[in-house]
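Below you'll find the structure, written out as structure tokens, and then a few comments.
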Amino acid sequence: MAGREDAKKLGLADYEYDEIVKTLGREPNHLELGMYSVMWSEHCSYKNSKPVLKRFPTSGPRVLQGPGENAGIVDIGDNLAVVMKIESHNHPSAVEPYQGAATGVGGIIRDIFTMGARPVALLDSLRFGNPDEPRVKYLFGGVVSGIADYGNCMGIPTVGGEVYFDDSYRDNPLVNAMCVGIIRCDRIVRGKAAGVGNSVMLVGSATGRDGMHGASFASEELSEDSVAKRPSVQVGDPFTEKLLLEACLELLQNDWVVGVQDLGAAGLTSASCETAARAESGIELDVSLVPRREENMNPYEVMISESQERMLVIVEKGHEEDVRKIFEKWDLNAVKIGTVTADGMLRILENGTVVAEVPAKSLADGAPSIKRESRKPFYMEDIDIDLSSIEIPEDLNNVLLKLLSSPNIASKAWVYQQYDYTVRTDTVVPPGSDAAVLRIKGTKKGIALTTDCNGYYCFLDPYEGGKQAVAEAARNLVVSGAKPLAITDCLNFGNPEKPEVYYQFEKCVDGMAEAASFLGTPVISGNVSFYNETKDNAIYPTPVVGMVGLLEDVEKRCTMEFKKEGDVVVLLGDNTDELGGSVYLKEIIGLRGGRPPRLNLDVEKKVQDCCLKAIELGLIRSAHDVTEGGLSVALAESCIAGNIGFSGEIETEIRPDALLFGEGQSRIIMSLPEENLSLFQQLAKELDVNITVLGFVKSGNFKLEVKMKGQNVGKVDIPVDKLALSWGNAIKWKVEN
Amino acid sequence: MKCAVIMFPGSNCDIDCYHVLSEVLGQPAEYVFHKEKFGPGDFDLIVLPGGFSYGDYLRAGAIARFSPAMDSVLKAAEAGKLIIGICNGFQILLEAKLLPGAMKRNRDLKFHCHDVYLRVDNDETPFTRLYKKGEIIRLPIAHGEGNYYADVQTIEKLKAENRVVFTYCDRDGNVSDAANPNGSVENIAGIINEQGNILGMMPHPERSSEEILGNTDGKRLFESILRHIEGRTTYGR
Amino acid sequence: MINAKIHVRFKSGVLDPQGTAVKGALKHLGFENVVDVRVGKLIEVKLDAADEKDAKEQIKSMCEKLLANPVIEDYSFETQNLEV
Amino acid sequence: MINAKIHVRFKSGVLDPQGTAVKGALKHLGFENVVDVRVGKLIEVKLDAADEKDAKEQIKSMCEKLLANPVIEDYSFETQNLEV
């Protein structure tokens, strides 16, 4: 038997141990305790976050599957649906960037094909420290090539994502991977162990001692001895996963498949208790039947191993041989290891002898949830900045060039060109634009994909930051011509036991929930990663929003680059005098702080609706939203992408640096043929959106004059080649030197 | 034109090639699983697609060449059937010694996914007759091991026999080191065998065969093959 | 001049996908009696150093800093003095 | 049981991109006296064979058929009888 002391060693609190004893009516044995410790870790149980996550809107007319399954599903018509999920692999990537990131990608892909969907796209949302530091370069390079090698080998295009650099992520890089799949609505499979007497089979790779206690590892702060927890990092095998993918999709053509569940964190323990809990059934399995890679593994090791590239398959009794044949074709194992029972117990046998027996539901859902204390951090009281004390720089050209070469604004081509984003020949808008667009063969449709989050805004104001992350994601889809449908989110935070961190968490979720409800984009799947914190240095709160949108007609997609000389360039939305939280303030002036730009959801929605309508009507030729770096950066990006210039002027009452570099929300710049302007103005008026004509697309320079009462108060005027050079090579120069 | 697309374990451009052959060109195409064999006369065109056969775990293409389907490919090759290896397929052809040389990792050790410009050096092959010699075309690449190597004699022979089919260049056709994405000898991107029926190339014509993908330069390669086969069945024999 | 031959391998217990694939291929080629295959790296470093002891220190430091990742890999090496 | 340690390296004269990169990285880390780096493979094969001579034949054949590509690579190996 295992007592309180053993429980402590495994990271279980006293009250959790008591709860286990109460549930079992006896003391647990070592194996049982081990299973509880992994399942009740934060990573698997969401015990710190569950009550807060309930605040998200999770349903809607298109939602076929909300949170609670391996991935969320939204209907896109034509009997097709999009399956999506995002997940973090932060801790493993901090210790072994290449394998950590690779296995993160492997895990998220399995979540998608577990549901019976064909994975069609990957996205990666990354955060690192200052790229000038050698250790950061090593982590960044390793993570990118880990993602590349896994996704590329699988033949799933990595079509989007983000990269941010800030000191707060120095010791805790964030590696969030998102996968998107397409499925026929009538072929959705769920992770259920239903039907007493049905067979439970383990398929895929053999089991070794990989990643023991990985779930617990992900549920604590990284420290000096994290490196000593070596076995928690696994080596990915994308080749085997590719075979597993093809074999599973072939398997799932059959109606006698009852349920499928991938083995991720907490391995066989998690897969078996979760499938049983979902079906209100039990499972009896014998660990001696599990194919092994290593000798002398005990039941404890087999049950909590996190060996990758494995799946649990539940099939109707009598079809075991059919399963075996399919997997044999793909040179993979498929072995019956157990049976579905009626008694709700997860019963583990070794050579026929019972070695553990616990209620499946208590393992899967029984972790007592914790209401953490929440307290507004002190720093938030003191973030206001007096703008009048900031002198406006003389040379605005220089500011713009510096901003464009900031690694947070510069081109991310160094990253995404290491990813195969053209395989499957569906990528009709490749990475580099606001959102990626994929066509769906056999239909007229397309889907648009993006991930977004400004962690710095979330730090300065968690509520506004949360709202902004959702709004920006939706805006990125809209400028691509897609109607936003649903969200998958990855909530990356510090130690939730600290009230200030918990406050950030709650407020971010509140902001996201409000925006998601308002914009009609329910949260259908997600992941929480706490403890991204080292020695009192917590990451910025970083609730990454992954969003998918639908284009009924993929031919009506829109991209950000200016396309034709003479086109009118207009701004949709209003300029503001906000500078708080901007890249300009932080990186050019050297001031951290200020209130991040406010977001009025009503205005945001109107701007988005107007943009979408204009694209649908075919009025405009390009659209790009204004984000980091502000209006001048957005215009410059449209010039660079189109390899053409712009000339314009703005009459304003806003100070020129705020006008050019402020990051006021709900703004989109568009270019359109002059003859469409009046129609467009009419549309904007109908939809109650302000628009301003900024100037014209013009070859040569990027030129923008700021005027107050007719007087020139500031100006940028730079050849587009020069802009392109600063923007295009900044990251390469940083990381390769 | 009857086409076969071989599916090795780890192939992932098989569906893309199949799509272009059957949907874009409207030709009868079939997948052939690596464990299957076929007759030398069963297909007019055999495609060895891109991907990561056997994960490229030892060397790209090294393990795939031993599959049963490859035995049939060898026989079809001897029978003069057209064979094209794209990316990983090219690597397999090298390992199988159907083409000379070997592939190394890209010189910067990075996977490269972007468009490249190519100079068409030989427009008299069944694969390139709709291009013009010296023409500059644009195709996507996506590979980590496209650093083609062969010793000096082999390279001289290839050139003397006009067997270099595609060469990496810049937009204006200059063949320079800067225009070489992977370090391949003499910027070589694609070569053909002595008999002229087996082409290996790193860029992906199947990913640039449709208007919606923003580029149809690759489509002409497949149309060349079709023209060649049809010409032969109509007038030949 | 010192020549060092460094072996970097996955720690025992760590999955070696390359080894598994090669083992499968060898069996397929008829080498039925192959029991196990592990694929690692052979790194040969030529150092301009006179003193073998000093060179060993340096090689050790290279392995720890760059050539092997202690989280999943072990290393071992031999040196040879080319002048001798 | 026979254990074979196989070294596969690029032929001299064939540029080794990985070696070049590692050399650069080592210099960058301050190992200025690195003259040359070559990165090859270490393949360890365990064979169920009693006879070392027979095992050597087999290993040679594995190298020629699969483990090394003669166009760019050389191989060498050592065997060891684990029973002895």
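A, B, C and D are the chain letters, set down in written order, and residue numbers restart from 1 in every chain.
In this text, a residue touches a chain if its C-beta (ideal position, glycine included) is under 8 Å from a C-beta of that chain, and two chains touch if they have at least 3 such contacts.
Note that this is a predicted model, so its numbers are computed, not measured.
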| item | value |
| --- | --- |
| B-D or A-B - the one linked by more C-beta pairs in contact | A-B |
| Rounded Å distance, subunit A centre to subunit B centre (Cα mean) | 36 |
| CA centroid of subunit B to CA centroid of subunit D, Å | 30 |
| Computed distance of Cα centres, subunit D from subunit A, in Å | 41 |
| Gap in Å, rounded to a whole number, between the CA centres of subunit D and subunit C | 9 |
| Multi-partner residues of subunit D (at least 2 other chains) | 66-67 |
| Per-residue overlap in subunit B, given as positions that touch at least 2 other chains | 54-55, 57-58, 62-63, 66 |
| Shared interface positions of subunit A, touching two or more other chains | 237, 239-240, 331 |
| Pairwise touch network: line, ring, star, complete, or other | other |
| Subunit D-facing residues of subunit C, complex | 1, 7-9, 22, 25-26, 29, 31, 33-49, 58, 61-62, 65-67 |
| Subunit B partner contacts - residues on subunit A that touch it in the complex | 145, 148-149, 152-155, 237-240, 242-243, 329-331, 413, 416-425, 427-428, 439, 441, 554-555 |
| Residues of subunit C that touch subunit A when the two form their complex | 10-11, 13-17, 20-21, 24, 69-72 |
| In the complex with subunit C, residue positions of subunit A that touch it | 95-96, 99, 205, 208-210, 227, 230-231, 233-237, 239-240, 293-294, 307-308, 331 |
| Complex contact set, residues of subunit C against subunit B | 17-18, 21-22, 24-25, 28-29, 39 |
